[in-house]
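Pasting the structures in now, so scroll down.
Both complexes below contain chain A, partnered by chain B and then by chain C.
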Partner chain A sequence: MQAATDVMTAEHSFPRQEQLVEERLVLWYFVAALTFMTVSMLAGILMGLQLLRHNPLPPIEVLSPGRWRMIHTNAIAYGFLANAFLGIMHWVVPRLTLRPVFSRPLSYLIFFAWQFVVLATAVGLMFGQAQGLEWGETPVWIDPVAQLGLLLVAINFGTPILQTRGPMYVTLWYYLAALVWTFLTYAMGNFVPEYFVCGSSAGAVGGLFIHDLVGLFVTPLGWGMMYYFVPILLKRPIWSHGLSLVGFWGLAFFYPLQGIHHFLYTPIPMFLQYGAVLSTIALELVVVTVIINFIGTLYGTGGACLTNLPLRYFYTGILFYFLTCLQCALQVTMTFQALIHFTDWVVGHAHMVMFGVFSLWQLGVMTYLIPRILKTEWYNPAWCEWHYWASAGGLLVMAGDLILGGLFQGWSWAALHPWETSIHLSIPFWSVRIVAGLVMFAAQLLFIVHFYLTWRKSLQTAPAVVPAAGLATA
Partner chain B sequence: MESDTKKHRTHWMVWVFSALVLIPTILGFANKFLDLVLVVQGDEEGAFAVTPIVNYLLATAGFLCLLIWTAMQGAFENLDGPSQTMFENEQRLDGLK
Partner chain C sequence: MFERKSGIILIAGIGFFALAFLSNAVVPVLMYRHLPEQTAEQLVNGNLRYQFEDLAQRFPQAFETAYGQPPADPEKAGRWYDEHCASALKLGHQIYVGEGCWHCHSQFVRPVSNEDRRWGPVSKSWEYQNELQRPVMFGTRRVGPDLSREGGRRSSDWHAVHFFEPEALSQKSPMPRYPWLFDGSPDKPNIRGLALITYIQWLGSWHETYPYYEDYTAVPIKTAAAAE
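So, the complex of A and B:
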């Protein structure tokens, strides 16, 4: 009798989902993320058309391709990825810590402030106020606002994480580190080269910033997310939590040194360049630990990643992640770098990382969470399949095409052909890229329409219990 | 018996990869530190390289402190415990709906 009472008391004191997660805010972040993704992809298509000499925009300064290109990169990093990560963290952190975020009103304030930051950045870029650092083009007057926003984000999510007692799950390690790293990385890239150092030193800091933005902001948030969602969808704990911690600490010690591999063959001292090369190759070992862990978790589940759509997104992203890291370990060697530097190989690599890995993961999480939050099934599950195949397939074609095109460009330059020759040989590759980009863009538009129709459906139907296992298509 | 074997295998992998990750890290770190000392001592033209190295040293020092603090908190005493707890909590959260 006493035992039964204890169980009931424990169940009573165990927090409920509505006490922990502000589900409406998660959806709002997804809407914002998809909106900025549309803007970013539209800008990418315009840039792709510009390369094919079919720019549809009038030749005025505000709409010049160079500015659209910056909107393409900034909107995907700060508009799509950051918004989606923030929405997903609003789901994951409270459920893992069993505590709500520090303040729900603060969460709403951050939401609106972040949209202001991204929109203001876009407007500033179009009116020519960009800073001269890739990914750090954010106009100088926005930087303090963004920095303050990142501090508030760290406080809001860091509080429940730091209140956790006992050993922490690896996701919380990644998230806690990402909150600190992102704040520091943003400050390093947006303030140090602007106000404190110049010349080669600014270049070296810029290199650290560019790569740390991927490795210390996007990567820990992405892997933290995967360590949470994959075990849940597979209904089994991660294969080795110890191995996952090796991956985390390996990232922490190796990654900050890598950035200068973007500036090989520059006036930056060679020992720094070699340091970046070695740490990049060494990080491949860390990546292998992570990949082994996820394969080990999947092993024996009977092909669950083929039949469960969110899982298929996740493992597709993991495959692309392995490929990009392998590619990275090769392309940072001085010999290989001499061939592919400044070519479309790098563009293909960047797309494989940003879309093939992190965007696919986020789209997989959205595919899983949206019906759970709306408490209804997807309006048409077959459209989710179309979305997956067009996104993943389009990306595969685009990245493969650009990587191959980059090799041809590099060989052309190495053979000392006239510059125009490399332009002519690039046209077929750029044409394939625009087709693949249009397929990917169409897939995201379908997803947005599908999201809207599912939301409409949720208003018209009584709440249904959507299985926590995700969208199975077997 | 089977779970014992699996536990042993997991442990073995963790130690091997820990060594593979930590040894190059320590060597790389020592090498960078030596370079920093040499640059500061003599090469005035290369002095600007101090900025990224100091950045890295600061970041690494932070991680080192965090690692020591974590070990002192007992985070590495039960390596697979947190994943089991997380999994059970998730099932309870979904079961309470």
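So, the complex of A and C:
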């Protein structure tokens, strides 16, 4: 790969960054992502306050915490994670393939279409049009639009990837597979259990959907991103290509087989439940190989992940990834399930995955890319540190608190205490959770303000930059 | 194969996905093909009809505003109640989904953690083979109790007050209030309120243990015969 790049540079066939990457669009995606992050966190705080019986809003239909709880999860998955991934792919894919995306106008069309999909979902949920599957709540009439949008995304990014000749870098394996998986997963979850099958079978498909949405949409896009940015920041290749192969193919094979582990002890046939449990434990072994590969890549860099902030985001996420997967392998056993299913343990686990791993990774990439795109340093680099510590620290407290609280809820239920007891004993845990949530929220607000100030700063210096760029092209 | 586009798209992308769909989704679909999906009309049973007519007694004005007057002829009136009961079930289900009730209340009793002693018989697949379980309302979190054996456990006016103001009946309940299901006071549920109460009263109404789910012990045939 290195040799090939050298040859291409020597022949002056290296396309210029402006020809490859639509940088403005990357920034737009980040703005959209952070906007929906704010919406999602506000919704989460609302539900958190409702549980503590301190909901400040009047009991009005469109402000109902039950509806906003669905906006919380949908806005984070489709509004924050998806937008941030799309923005990052607009940076990564053209730079790795040395080809622009299929069509720039299409890129802009997708951007606006996707914002429409997310906004319409939120409005639909506010007006009570949800469908009954987690992350598949998207109102009926939006499903085909979103499905079409995913097809366009696959065409737009798939074309440059398919045009490359010779061996593909690891990131592109993950991206290429994710483009196929996301389309298939969305189609499966939003149509099959709604229209074609009911009951336990719908539960099996629904479990597959909520699992694949994390495993086949978020996870491959996330790891693809790590395989790209970590070697660049460390200026050294990934430690073992063989382990990269094991990681990708292990994930591809074992991840989709586990959907039913979300519904253990349901009427879904027991042998299918055991199958899901076994493949979950198998995947944990694959995850260990990926972690070893990234530790191996880091080994001997002299604490780079402490001094380099984006890198610190990445390795914090990798640490949380190891913890969540270890947790998966334990909590998926029937013994553990009997205690922790239906409790806040699961909520803590979900937050550790979605925020502790993937959101932190994306925030790390944003911290790295925004100054590069704006061609100016961060307005105040110390604020980036605050953003990191409040995000990662807040998440650690929130996840730890909910996981612990879940154990107490489970024990209370098994002991046949009156139901109210499990609510009362949750109050301290829910109180800590809301404080941690507010800290995380404050951190994101700081980041947004910081982004704005940096952007404004870059505009003030812009006149000096533009003529220079004009000279260079002339 | 492992690093080629065709391998990644065809084997990992489509092949493994299809394998998982076949083994995890098509298998249960085939296993339950002898249990056809029931419509809402087929789900109206005696227990539920009793509760629905009970709504007409308790909230006569609200009921009349929502559904009008039943026909005088008893046979026609029976069919009239059945039809409206089925439509109330469907609307109630829609509200249950749209309000996100299923994010805090589960609908399945597990064979562990003493759940059968708290709620009654462990859930079976046949209970879910109907259009109101498409998608299935298993749920993933219990802030409030499981609801799959809630029907008949409490009276409809308890539910009305509880939806209007949960804390009036369950002290320090974190459940939100749902005043938009009423015309101003708990004794005036609107069509949506009546529908949601109907849906809740349906949950478990198909069970032989209704409504004393957890106290019920099936009598072995021999013991019953000896007693006679």
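The rule is simple: the second predicted complex is superposed on the first by the 450 of 474 C-alpha atoms of A that agree within 3 Å, B and C clash if a C-alpha of one lies under 4 Å from a C-alpha of the other, contacts with A are read in each partner's own complex, and residues count from 1 in each chain.
One rule holds in what follows: a contact is a pair of C-beta atoms (placed from the backbone, for glycine too) under 8 Å apart; a residue touches a chain by one contact, two chains touch by 3 or more.
All values derive from a computational prediction rather than experimental measurement.
*Asks:* Report for A:201: first if it touches chain B alone, second if chain C alone, otherwise both or neither.
*Replies:* Both partners, chain B and chain C.
*Asks:* According to the stated criteria, A:159 is in contact with first (chain B), second (chain C), both, or neither; which is it?
*Replies:* neither
*Asks:* By the touch definition at the top of the document, which applies to A:431: first (chain B), second (chain C), both, or neither?
*Replies:* Once the two structures are laid over each other on A, A:431 reaches no partner at all.
*Asks:* Could you tell me if A:70 is touching chain B, chain C, both of them or neither one (first, second, both, neither)?
*Replies:* second
*Asks:* Which partner does A:237 contact after superposing on A: first (chain B), second (chain C), both, neither?
*Replies:* A:237 contacts chain B only, not chain C.
*Asks:* Touching A:250, do we find chain B (first), chain C (second), both, or neither?
*Replies:* Once the two structures are laid over each other on A, A:250 reaches chain B alone.
*Asks:* A:289 contacts which: chain B (first), chain C (second), both, neither?
*Replies:* After superposition on chain A, A:289 lies in contact with chain B alone.
*Asks:* Identify the partner contact of A:275: answer first if only chain B is touched, second if only chain C is, both if each is, neither if none is.
*Replies:* Touch partners of A:275: chain B and chain C.
*Asks:* With both structures placed on chain A, which of the two partners, chain B or chain C, ends up touching more residues of chain A?
*Replies:* The partner that reaches more residues of chain A in the superposed model: C.
*Asks:* Thinking of the overlay built on chain A, is A:96 touched by chain B (first), by chain C (second), by both, or by neither?
*Replies:* first
*Asks:* By the touch definition above, which chain A residues appear in both interfaces, chain B in one complex and chain C in the other?
*Replies:* 167-168, 177, 180, 184, 188, 192, 197, 199-201, 204-205, 207-208, 245, 249, 252-253, 256-257, 259-260, 268-269, 272, 275
*Asks:* Chain A touches which residues of chain C in the complex?
*Replies:* 2-5, 8-9, 11-14, 16-17, 19-21, 23-25, 27-29, 31-32, 35, 37, 95, 97-104, 106, 108, 110-115, 117-118, 123-125, 127-131, 133-145, 167, 170-174, 176-180
*Asks:* Can you name the residues of chain A that touch chain B in the complex?
*Replies:* Of all residues in chain A, those touching chain B are 11, 14-17, 20, 95-96, 98, 166-171, 177, 180, 184, 188, 192, 197, 199-201, 204-205, 207-208, 228, 231-232, 236-246, 249-250, 252-254, 256-257, 259-260, 268-269, 271-272, 275, 278-279, 282, 285-286, 288-289, 292, 465, 468.
*Asks:* Which part of chain B faces chain A closely enough to touch in the complex?
*Replies:* Those residues of chain B that touch chain A are 10-11, 13-14, 17-18, 20-21, 24-25, 28-29, 31-32, 35, 39, 46, 48-49, 51-53, 55-56, 59-60, 62-63, 66-67, 73-87, 89-90, 92-94, 96-97.
*Asks:* Under the definition above, what is the set of chain A residues touching chain C in their complex?
*Replies:* Those residues of chain A that touch chain C are 50-53, 55, 59-61, 64-67, 69-70, 128-134, 136, 161-162, 167-168, 173, 176-177, 179-181, 184-185, 188, 192-195, 197-208, 212, 216, 245, 248-249, 252-253, 256-257, 259-260, 262-263, 265-269, 272, 275-276, 337-339, 341-343, 346-347, 410, 413-416, 419-420, 423-424.
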